Amino acid sequence: MPDQQALLRDAMQRLQLTRDAFADRIGVTRRALDGWLLPEDSKQHRAMPALVARVIEQFGGAAPNEAQPSDLRARITRPNKPHLLSVDVFERESVEDLLRVAKQMEPIARRQKVSRVLEGAVLGNLFFEPSTRTRVSFGAAFCRLGGSVCDTTGFTFSSMAKGESIEDTSRVISGYVDAIVVRHPEVGSVARFASATHVPVINGGDGPGEHPTQALLDLYTLQQEFERLGKSIDGAHVAMVGDLRHGRTVHSLIRLLSLYRNLRFSFVAPASLEMPPELVALARERGHRVTEATTFKEGLKKPDVLYATRIQKERMVGEGLETYPASFRVDREAVAKYCAEHTVLMHPLPRDSTPGANDLAADLDRDPRLAIFRQTDAGIPVRMAVFAVLLGVDHLVARSLRDAHWISPERLGPRDIRR
Amino acid sequence: MPDQQALLRDAMQRLQLTRDAFADRIGVTRRALDGWLLPEDSKQHRAMPALVARVIEQFGGAAPNEAQPSDLRARITRPNKPHLLSVDVFERESVEDLLRVAKQMEPIARRQKVSRVLEGAVLGNLFFEPSTRTRVSFGAAFCRLGGSVCDTTGFTFSSMAKGESIEDTSRVISGYVDAIVVRHPEVGSVARFASATHVPVINGGDGPGEHPTQALLDLYTLQQEFERLGKSIDGAHVAMVGDLRHGRTVHSLIRLLSLYRNLRFSFVAPASLEMPPELVALARERGHRVTEATTFKEGLKKPDVLYATRIQKERMVGEGLETYPASFRVDREAVAKYCAEHTVLMHPLPRDSTPGANDLAADLDRDPRLAIFRQTDAGIPVRMAVFAVLLGVDHLVARSLRDAHWISPERLGPRDIRR
Amino acid sequence: MPDQQALLRDAMQRLQLTRDAFADRIGVTRRALDGWLLPEDSKQHRAMPALVARVIEQFGGAAPNEAQPSDLRARITRPNKPHLLSVDVFERESVEDLLRVAKQMEPIARRQKVSRVLEGAVLGNLFFEPSTRTRVSFGAAFCRLGGSVCDTTGFTFSSMAKGESIEDTSRVISGYVDAIVVRHPEVGSVARFASATHVPVINGGDGPGEHPTQALLDLYTLQQEFERLGKSIDGAHVAMVGDLRHGRTVHSLIRLLSLYRNLRFSFVAPASLEMPPELVALARERGHRVTEATTFKEGLKKPDVLYATRIQKERMVGEGLETYPASFRVDREAVAKYCAEHTVLMHPLPRDSTPGANDLAADLDRDPRLAIFRQTDAGIPVRMAVFAVLLGVDHLVARSLRDAHWISPERLGPRDIRR
């Protein structure tokens, strides 16, 4: 029974306990423990009672109250305001700590492990404008920590239609749930929602405003890709192309990337869709190099990352553009010309696959550099991390893990060949 | 290790067991138990094996089948009809028993404890008209007992659109779920729904008909507020103001309050929006005093409770009123004039916060007498109690409690300073 | 304490273990076990410590990894394509195996037992067209295995409205959930959805295409009814009446029934709504007898099963029929004339109960032959079986069962008197 020894050794190591302390912890004598740890062919070897194995397995060998809460929550929120409304709350260290928590969630996100650390908790997933993927991503992340989800969708919230203020709605919902995700078409509305409650509110996108978990999952993806490639974010060359004026996701990502050192940003956008000057200024103030251009040829010089923005057709007419310029189509040909062997290709999705849309093209789908689905996958561990930190259970996750019993695909889809 | 003794004492007390019986229950000798209960500095003191502590913790020290079901379910329902359709089923004793069950739910509703007593059960939360807050409140309550929720929302139920009868829909859904909440715009439709099933159906509001859990949470709030203030419902002075004609919530609340003794009701409504005469008659028949008035000045004499109704604008035109009279605005000034130091201020919410609505005013939001959010909060324990009683698990809740591990706000929002 | 012996004997039998092996498994000596198994009045009788009882109860006496996965999953799916898109994947043996798994789910579907075998797993329940009952049935089935559900409903999926391809949507959702049910108005769209993912996709109906779980639950119902009546499917006489041209459910059911031997099919349809010739041909090729008719009188000769199709009014005009012919109304009179004492009456529901609809009539509702609600009830165990098999946990269900603690109706509704 070699598993017996592996089980015990693993538990002692995880808990960083000596044999004496461990024996004490699980309620057996040191001598019994020693007997179980001897090789099977030893005369003193003893079989460990199944009862003990189960106790160890079930409790992860530790009483849950022994782990120490991290101070990350305190560093990214204010007292009685445990919200995540903007990426502006992050320092480099705190954002890296958050991504470290996300990394810990990977075995759960990949369905190898199960955690029930939020069992009993309820999420209010309030979507005042439709965004199915974001809603499902937040919901699934909360479920994977053991919690339950109450959804609202659609353009109207029935009591708001009756004249209720956003503050009243917030306070009422706070009495029902333990955390709230709000998506709303108006800038600032999520902050108003948060002002009226002490329950954690997460901004799931407020129109042209912020969408902090998208920026975090972008950064997480970038970090994972670079780790695989043996690169680091410090000193990287990040190109952003497309509609940089309206692209909420690139705006927030620049704020996060600016926390790192010595980056080179290339912003490539059609005239009238350029990056807002205040973001260019911010990047420069923090010591990064910025170049701007209006064509791929001029602006794309084999970057480490090419981040293509989502095309928002409804904005095109307003900007005097009938269609999105074909020269901004990111396809196999453009990538061959302007990217390097290991350029990471990103896009916030959804991408427009209708003919003539000139968005990120499907002919790249089998290109291993294309990280777009690794990017959406990252939504789960990152949102789990945000929930865990804001609800103060991040330190309990590791030892709450149990094996998942169902079969999961090793790779999630035919298009994600390198996961 | 003083926790060891506390743990054991607490478990024995909870179970009301002697040392002998307790030792027997957890499968140890009386001598071992005695050793664990001795002070740490005693020579005979023994450390309790962690194994035992975990068993006690996990099972709450009791086999679940030892608690006895209450007969409350039998008193408020008929055989094979385990529904809650109306407040008319309650006697004073049964309504007080239900509120007692709700009180037991408070540690869960306040997120200090977790129960999984309905783990495996599924709620059908069927909303044939939108009412987000009510839907989320029922859903969250069911989740907090460990169950899962299947929602339907919106005006149409797809199979009903295909000509299916309400009875067929009811019977089909009964095969999928363990309890059903129905909200429907037509009076009597929920009762029709209930007639076709033996699965508990809870009326979540049927148009101008009943909404029994709202009345129960109102009563629960009132009872909690009075308890805090050292008052009792018997003999209390309850004022109801506003649109008393259409206010479904006050109608049901009067029915419940009439079960108590010797109340004084003040009904203050604009002409044409008076309390229906049958409810006035009911209160009088049961021995309560009733006065009616059309102005605050005339009708509001420092009551123990001021219950303001929700303004239903869509009804105003039909009643020949273009706007709701400004003299019925309940604001700081009105409260200063007509209420007492400890008048409890209630409102079923949502309140209309648009300018000129003349509903309950936001300038009262920091007034400690304002109980409106304590009132909505009460929806969780009260609805949990209803589910627990109708599904016959109310007696199992107390011993199913475990600690919640996530961080919860002590007070739920800046506006609820006295929770 | 006779329960002690029953508990032990039951556990040993379930695990098919000798006393020695069982004692070893639960970590006690053989002698202790023997003492617990002796009659209470025996001198050697010993009380089993509660601790041991709880361990047995909790773990079902078995480590979950000891059960062997079945090969049914491999027989009905292709490698990396663990989907259920059509009934065409079934052989007679595999469909019978699946129904055997469904049968195992009955104690859970009837709310006597609870399983958490999919705890931690998340279902994406994607309904691109409304079908409340089917959505709730899939959702409740997944919950009853311990999983969580993320729903999307309505005609649009917001990212698809932005031009996203069905393949992108599929791949993104695969990163969030462990299994996906898709209902979509267009034939073939669910297969496209499945082509882009390795996560199990279940066809929940693709317009006039397939709806395999409906066919499976029909077959399961038929099998259960026949078992009760002492009949077998081989050699049975199955009549299908109504709109056989558009009836997706009867088309799939014929494919499944054709896997059996020597059936007799009677197809009775108004002119222009006849059974498609390829299905008639299929049944004949497989050696079954087929007769076709246009009136009940001519075609209905006391069959073992009468399967009435759902009337799809929207199709009537297109076919030049203003209303559905009254002569196709299946009511008490028609059943008295054309059916036998034990003819099983089936219908896929919903049925049209509006006056003049000429669908299956409500005057049959108390007829014990009417199996329509037993049919919808069957959706739960059958869909549980599909999930369990595709996710590879069917072999774990039996030993994961725990008692349900809430009260369930013995019969689900007044209309299902013989359940």
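Order as written gives the chain letters A, B and C; numbering starts at 1 within each chain.
Criterion: contacts are C-beta pairs under 8 Å (C-beta built on N, C-alpha and C of every residue); 3 or more make two chains touch, one makes a residue touch a chain.
As the structure is a computational prediction, the values presented were derived from the model and not from experiment.
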Shared interface numbering between chain C and chain B [over half = same, under half = different]: different
Magnitude of the superposing rotation for chain A and chain C (Cα, nearest 5°): 120
Separation of chain B from chain C, taking each centre as the mean of its C-alpha atoms, in whole Å: 37
Junction residues of chain B - those touching two or more other chains: 51-52, 148, 151
Residue numbers on chain A that touch chain C, as the complex places them: 47-54, 108, 111, 114-116, 130-133, 135-137, 139-140, 143-144, 146, 148-149, 151, 310, 313, 349-354, 357, 359, 362, 373, 376-377, 379-380, 402, 404-416
In the complex, chain A residues that touch chain B: 24-28, 51-52, 55, 59, 63-64, 73, 80, 82, 117-122, 124, 148, 150-152, 156-160, 162-165, 167-178, 195-199, 391-393, 396
